[in-house]
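A, B, C, D and E label the chains in the order they appear, each numbered from 1.
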Amino acid sequence: MSEISITHILFVSTALFFIGMYGLFTRRNMITMLMAIELILNSVNINFVAFNKYLYPGKLDGVFFTIFIITIAAAEAALAIAIIINLYRSHHSIDVEDASELKY
Amino acid sequence: MSASVIIFYIISAFILVAALLAVTTRRIFRSAIFLLFTLIGTAALFFWMGVEFIAAVQVIIYVGGIVVLIIFSIFLTQKSGDELPKPLRNRSLFSALALVFSFAFTYHLIYGYGFGQTVHKPFDVKVSEIGLQMLSTKEHGFVLPFEVVSILLLASMVGCIIIAMKIKPVEEKEGK
Amino acid sequence: MSHYSYIAFIPLLPLICFLILGLFGRKYFKTFSGTVGTFSTLISTLLSLYTAYQYFFIEGKVNGIFRNITALKYTWLQFSPNFSIEMGILLDPISVIMIVIVSFISLMVHIFSLGYMKGEERFATYYAFLSLFTFSMLGLVLSSNIFQIYIFWELVGVSSFLLIGYYYENPPAVAASKKAFIVTRFADLGFLIGILMLAFYSGTLDFNTLIERLTSTQSPEFIQISSATFLGVSMLTWGLVLVFIGGAGKSAMFPLHIWLPDAMEGPTPVSALIHAATMVVAGVFLVARLFPVFSIDFTAMQIVTWVGSFSALFAAVIACTQTDIKRVLAFSTISQIGFMMFSLGVSKYGGENGLGYTGSMFHLFTHAFFKSLLFLGAGAVIHFTHSNDIKELGGLRKMMPVTHISFLIACLAIAGIPPFSGFFSKEDILIAAYHSSKLIYGIAVCTSALTAFYMFRLYYSIFWSKDFHNHGPLHGEGTLSMKIPLIILGICTIFAGFVPVSSFVTSDGAPLESHVDLAFSAFPVLMAVTGILLATYLYKTQNNRPQVIASSLGNIYKTVYSKFYVDEIYLFITKKIIFNSIGRPAAWIDKNIVDGLMNFLATTTENISALIKGLQSGKVQNYALYFFGGIVGLAALFIYLLK
Amino acid sequence: MNMGIDFFILMKQEWAVMIVLFILLFIKVGSKDWTNENILNLVNILLLLNVIAGFFGYKEGILFNEMFKTNHLIATEKNILSLGTYIIALQSYPWLKNNKNILEFYILLLSTLLGMFFMISAGNLLMFYLGLELSSIPLAALANFDLDKRKASEAAFKFIISSAFSSGLLLFGISLVYGTTGTLTLSALPEHLYGSPLQIFAFILLISGFGFKISAVPFHLWTADVYEGSPVTVTSYFSVISKGSVIFVFMTVLYTAFKSYAVTWYNILFILSVLTMVIGNLFAIRQNNIKRFLAFSSIAQVGFILIGISGATQAGSASVIYFVLIYTFSNLGAFGVVGLVSAIAGKENMEDYKAFYKTNPMLSWVLAISLFSLAGIPPTAGFFGKFFLLMAGAGQGNYLLITIAALNMVVSLYYYLKIVKAIFMDSNENPVKKLIIAPSPKLALFICVTGIVLTGLISYVYNYIFSMSIGI
Amino acid sequence: MTLTLLILIPLLTALAVLLCKGLKQVRTVSLIGITAQFIFSFILLYVYWKGRASGNSSQFLFELNYTWFEPLKIHYHIGIDGISLSMILLTSFVVIAGVLVSWTQEFLNKEFFFLLLFLSAGAYGYFISLDLFTLFFFLELAVIPKFMLIGIWGSGKKEYSAMKLALMLMAGSALVFVGLLGLYFNTSLNGEHSFDLVEISQMHIDAGIQNIFFPFAFIGFGVFSALFPFHTWVPDGHSSAPTAASMFLAGISMKLGGYGCLRVATYLMPDAAHHYSPIIILLSTVAIIYGAFVTMMQKDLKYINAYSSVSHCGFVLLGIGMLTQTSINGAVLQMVSHGLMTALFFAAIGMIYSRTHTRLTKELGGLLKVLPFISTVFVIAGLCSLGLPGFSGFVAEVTVFMGSWENPDIWYRLATILACASIVVTAVYILRAAGTAVMGPITNNHYQHLKDAKWNERLAAGILVTGIVAIGVAPFWLYNLITPDTEYIIQHLGKALTLK
């Protein structure tokens, strides 16, 4: 199954990365922004695993990195959601446009 | 053109389409579902690459944890089913352009770098192997990161408890 | 030279007196301070007389030539090994004769002021200033160093400023003092630059060396200075002319004369001392001091001559129309100094040709006596009548006999009637003029005729003409202290002419036997007498002839009466040009452009910061965009542009 | 490798922090309930011990196959951080006195501190990343600590989103580095970096990650909002400790792992520093909320620090560490006063500081001195710090940069003086009342002022730091 | 002879002031301290003379060289020569007068005296330091206290002026800073850079380098001594400052600039000094003339003196720019003389203002009658400023003229003549000010019962006048004090020429 050159996989991951980026830039709902971030992290995971498998199979650096990223993503998401919910309490909206009192 | 190749392309197409829908659809619930698909797709990709453990972790934590969490929070904050606010046109236009450009740019760089030569060394990631390395202090040992992450989890748990004290579900989720 | 050190006390005594009176006078001495001042001046007068005796009759003459003796010399500022400002005392005929004049007149004025200034609030201050002036003037005439003379030059300037402004509470006095100081200061600028030129080409500031180097036509310095030119004129000429400008300023030569008439705002004795006898002749003295150098530069001499003669005539004409006693006297002073100037100008160096020089010094000598006498007389009159307008005055001869007689003597002297002192001095001048140029001679004679006329016009309108209707109480003619100086000066005025000045003071120091050539002197005297007679005809008794003539002259009279509008021209230059066209724009530029620039920088910074505040829009997605943009920008820059 | 005693010695500072952390946890879960005062005092004592502990038994070494490395310099950096944390803890007294979540607050704070320690000691990109996250995720919770404040939650959200975003980019960069070099160990990187475009791109992504944490323009935009929204204590923690730690790492990473890219990153730093100084100053000029103002001023400060880093010599790194120390004192001095005013009088705008001197002379002087130190006015330490930073930068011979920096110092002086003016010269009908200050904030301010005055004049401090720091 | 005392005495006094209670203690303590300083500076003069007399011909006496920041080759290196000694004397005169003048400074007295003393400590430190870092340290040290003094105790638009002053001076020192760094990194004594003034003076720095960094240093210092067109802080600052501060500002801190221009810019970068001298002369001549004319149009006494300071400091820069020994001597003399004179002037203005509460010439008048002493002081200051013989101003200006004239180039001489011309304008504005403010009839009846100067004011004025006259009547002692040291500078410049 190694006819697939790694660059193809990288294409997927990069595309995923930028799709996530797009979501982050355009989505006005905070939770969806969070989802976008998850996409970004996923793309990075793909990168790590791919590099590890195809280029440096010797050590499991990439794989472990992926594991840790996933864990941290979970923690981050949890905290983010906590914050969002708290913000929802005060703002009664999770539209990011409404959370722009601090400026200039 | 072996089967795996086709599978690969199918998976990746699935991933990308699902991702695109996830960030564009106007119904938040759907976008959550599409996110779910994307994550599953990624898991599938991991399977395809033969790192079953990662795939498993992906499924357990992302699908079982994060997406559920997200859906809960959607329940909490959204009257379900109503449309999401329209993204600001200028910004989406601009960022779309910027991102397409920079995607081209990045991929051009990656392509230009030429990761041609793939090493045909057997790549076996047995779960036991991972478990051992995870807790070994020796060569290839990852005990220190493991500890650090545990503290991180602890801290973020505490943080969630503080912030979202009144909302039991979030707290429970983080509990495990 | 140590046995000369007593000379130092001649200027120093007044200085000490000034310090004492200035610091403690108001508190501790009060009226007594007059005595202190007078006493110190008396001593320095005696000292200077002794010096004169020593110099002229014992030490001064070496094989028939009066030499320059540098009595004392202290280095004051050592710019470079052979270039330094020294404080020294230079004895030569003119300086010696000057110290005598200065200290003597000053003594007279001190005495006179005892009465005149009695009861003044700032009596002590007055005497302090007088002493300061005396000190500076003596220092000036004794200077051995061209820079030292500049220093004292400034000091006399300021003391005259202080004394003119003595009545600081009445604005005209303040204005006059300012005017005097600024005009002379302007002239001194020329002096200073002149000094710089002469000094740097001759490589010294010391008079003797300087003169010696610049007169010996083959000395390198001389060749250098006369070869170097600026605007086609040799540096020597530049230097001398500039120095002369300084002199002209002090001596109120046209066109720098405007300050002197106004200076009459000061107390009358002060005018007698400063603006008649001593300070105003400093210019003449300066030219005389540098005479050897002047005499070899034709252009400079011409300028001296013409400025002098023109001022003489010009002032005399104006004097005929003025009605303020002191102003008349002021203009006559100008014209007399004009005499001295041009007689220097027409003079040559050495021998018979040096007669002009001698005459000038002689006239300076005699003029000191009769002019101060006139002023003191006028002072007495003003003190007596509280008025100095000849229209109000008249018929005072009975009421103040002493003043009357002395005034008459002085008038005769200044008119040049033999045997009064003025006659002799003017005689020499006229001869010198005659030998040099007929035109100058003509001017001179006319001037002396005019002098006779306006002096007697003054005399008659004060002491004859109508009777004086006194308003307010009249205390007698004045205290003894006021009379004595009048008498002494009167006597001097009569006999000063017989002093054989020409055998002491000559351009080259070699004595010159004086001679009175009756045939020559007949004509000028005749002119003078006609002047007197005309005055008698017009003014002896009250009549309307003057008005008739005045009205027949019409505008000419008006022009002359308003001093040819010179003051107005000056006013125009200062107000319109200097203030409005230079000062105001400069101030504007400073406020709006230079300072504006600084403020502009500040405001622009603030504006920019207000402009870019949109960056911090508060929308987290924009932040992310900028963030990403930054990365892309850097990447593009460093991957493609900066290979 | 012998995981014996030195396993404890080398990680002594981490152990110390962890011990404190667990003590607090036990108190939390323990049944006995403590009064706030006791807890606060206990915490302060513990932190003091932690600081002191840091100064004993330096040892150089590597653990966990280069995942953890330490040496004298790193230990010193950690000491600076824990000292700063201690001061902040002292200062937070009046704010936390009536708060019911003190323990949680400190648990979060200390876990971030721990994260920074690991980050500083990281010999490996994985550890670095973990440390970074550990030091930033709990901070989001801290930023939100005033739960009922709208601004606080907004700030927290902005922070967590942007930090997630930036760490996403950072990770992408790291993955590319990994992909192109095949190693995550910093010390192994140089021989694999041969300047291919992709590597440079990855490198720039990494720099952006750093830039985000030290809030260098254009990666700074979150800073002001988060600083303004968060509680003062947290703000000061943000601006001093978390920023300082990343600066240390940034410098070491540039000097060691990426030394082969010296030219590239010099130019990048040049651009970034100019942008940072100028933008920071321009924004600081027009601020009214004093926390926000301090945020921008601290951004401008980063610009100067970047110049110091760009010096790339021993003197350069020494000056940077030295400056961070001074900056800790100065900024904490300023924040200390601001925090007191906002905690006791509840005022955070510049107008409120008008005629502050009438009522609180001592506090005014402390604030003024701190501001002068930030502005780099002698004889405060700030002067020496700035001077040495720019001096280090000038070593590269780029006097354009130095001139710009020098002129920026003038601009910055302007807004610092604006506050001084408000305090001393302006009049105000209702100025801040006389504040009654608890001993521990007093102590904190005292430490700051002493630090500001002595750190500069006593050359020992600089020489000491110089002796152990290393250039490129 | 430890020079550090010069810094320590005022510093300790300042700290002692902080411990005092109430105006009485504060002022007594500070007066004691400052008097000690005053006496000390004279002892210093005496010892210096003794040292020179005993044939000690080293460039600087009482040197102390203590390594401060070893790795950066920064030393605490101090020592004095004639120039710095004269500056020190000037400072001690002005400061003691300042303390006396602000004797009744009730409002926030402690802070006031503290800042004043602190400021003076900075000035002393500046004048004795031979290490560029230390020099710069003290240069900037002096800025903020001025800001505070003006902003807190000032009058008029004080905040604006204070801010302007602080910013412009800081901008100046920023330029200086760049210049110094440039010097530092281009000196190499066997591979090591140096901040040491003496060491640098012995190295040869490439002319190109000098031409780059000279403008930074010179303009930077120039801002301090009102180099046109960077003088605009002077009028505002001086006029808003409280009396003592204005005295200090005009009397000393403007001299910091002149001293720096001479000591650092000109002495250490001789080639560049030659290269830029025409520009310097141009600017300073403009400053002299233009300053004088602007002064002529001012209505406010303090503004008059401030602008006249611009004009007078022009002479300092002119003297430096002319690069002849006499002119440089003149510049130093002018610094000292202007310091004393302007301090006296401000003192007098302050005394008048404190009584009449106005500084507008047209509102004043006839003060000579009610305030004879103060008015006399005022007039003396005026006469000194218009260069009357017997006062220091004359000596200084004349020396500058002489020195400038030594420069044979026609344009230089033209500049000299223009500079000379300014003395007339000076006379005009001084006499106008004196004439309207002091002389004339009393304009305002409230002035009838004003009290004349008190003992402290008399003492202050007395001290300053003594200084002025001591230089004016017998300049040679000061002149001979500084000549040997300007000699060094001249040799340096000469070497630069020969190397060309």
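Rule of thumb we're sticking to: a contact is a pair of C-beta atoms (placed from the backbone, for glycine too) under 8 Å apart; a residue touches a chain by one contact, two chains touch by 3 or more.
Here the structure is a predicted model, which is why all the values come from computation and not from measurement.
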item: Intersection of the contact lists for chain A and chain B; value: C, D
item: Identity of the chain that, by mean CA position, is farthest from chain C; value: B
item: Leader among chain pairs (count of C-beta contacts); value: A-B
item: Distance from the mean Cα position of chain E to that of chain C, given in whole angstrom; value: 36
item: Centroid spacing, where centroids are CA-atom means, of chain A and chain D in whole angstrom; value: 27
item: Distance from the mean Cα position of chain D to that of chain B, given in whole angstrom; value: 32
item: Cα-centroid distance, chain A relative to chain C, in whole angstrom; value: 97
item: Where chain B touches two or more other chains at once, by residue number; value: 91, 95, 102, 106, 109-110, 115, 140, 142, 145, 149, 152, 156, 159-160, 163
item: Sites on chain A at which at least two other chains make contact; value: 10, 20-21, 24-26, 33-34, 55-56, 64, 68, 72, 75-76, 79, 82-84, 86, 97, 99-104
item: Residue numbers of chain C (touch at least two other chains); value: 602, 613, 616, 618, 620-622, 624-625, 628-629, 635, 639
item: Chains touching one another, given as label pairs in label order; value: A-B, A-C, A-D, B-C, B-D, C-D, C-E, D-E
item: Chain E residues within the chain D interface of the complex; value: 68-72, 74, 133, 136-138, 140-141, 143-144, 147-148, 151-152, 158-159, 162-163, 166-167, 170-171, 174-175, 177-178, 181-182, 184-185, 212
item: Interface residues, chain A side, partner chain B - complex; value: 1-12, 14-16, 18-23, 25-29, 31-32, 34-36, 38-39, 42, 45-46, 49-50, 52-60, 63-64, 66-68, 70-79, 81-86, 88, 94-95, 97
item: Chain C partner contacts - residues on chain D that touch it in the complex; value: 157-158, 161-162, 165-166, 169, 197, 200-201, 204-205, 207-208, 211-212, 217-219, 221-222, 224-225, 264, 267-268, 271, 279, 282-283, 285-286, 411, 414
item: Chain D - residues contacting chain E, complex; value: 314-315, 318, 372, 377-379, 383, 387-388, 390-391, 394-395, 397, 399, 402-403, 406-407, 409-410, 413-414, 417-418, 420-421, 424-426, 459, 462-463, 466
item: Chain C residues within the chain D interface of the complex; value: 602, 605-606, 608-610, 612-613, 615-616, 618, 620, 622-624, 626-631, 634-635, 637-639, 642
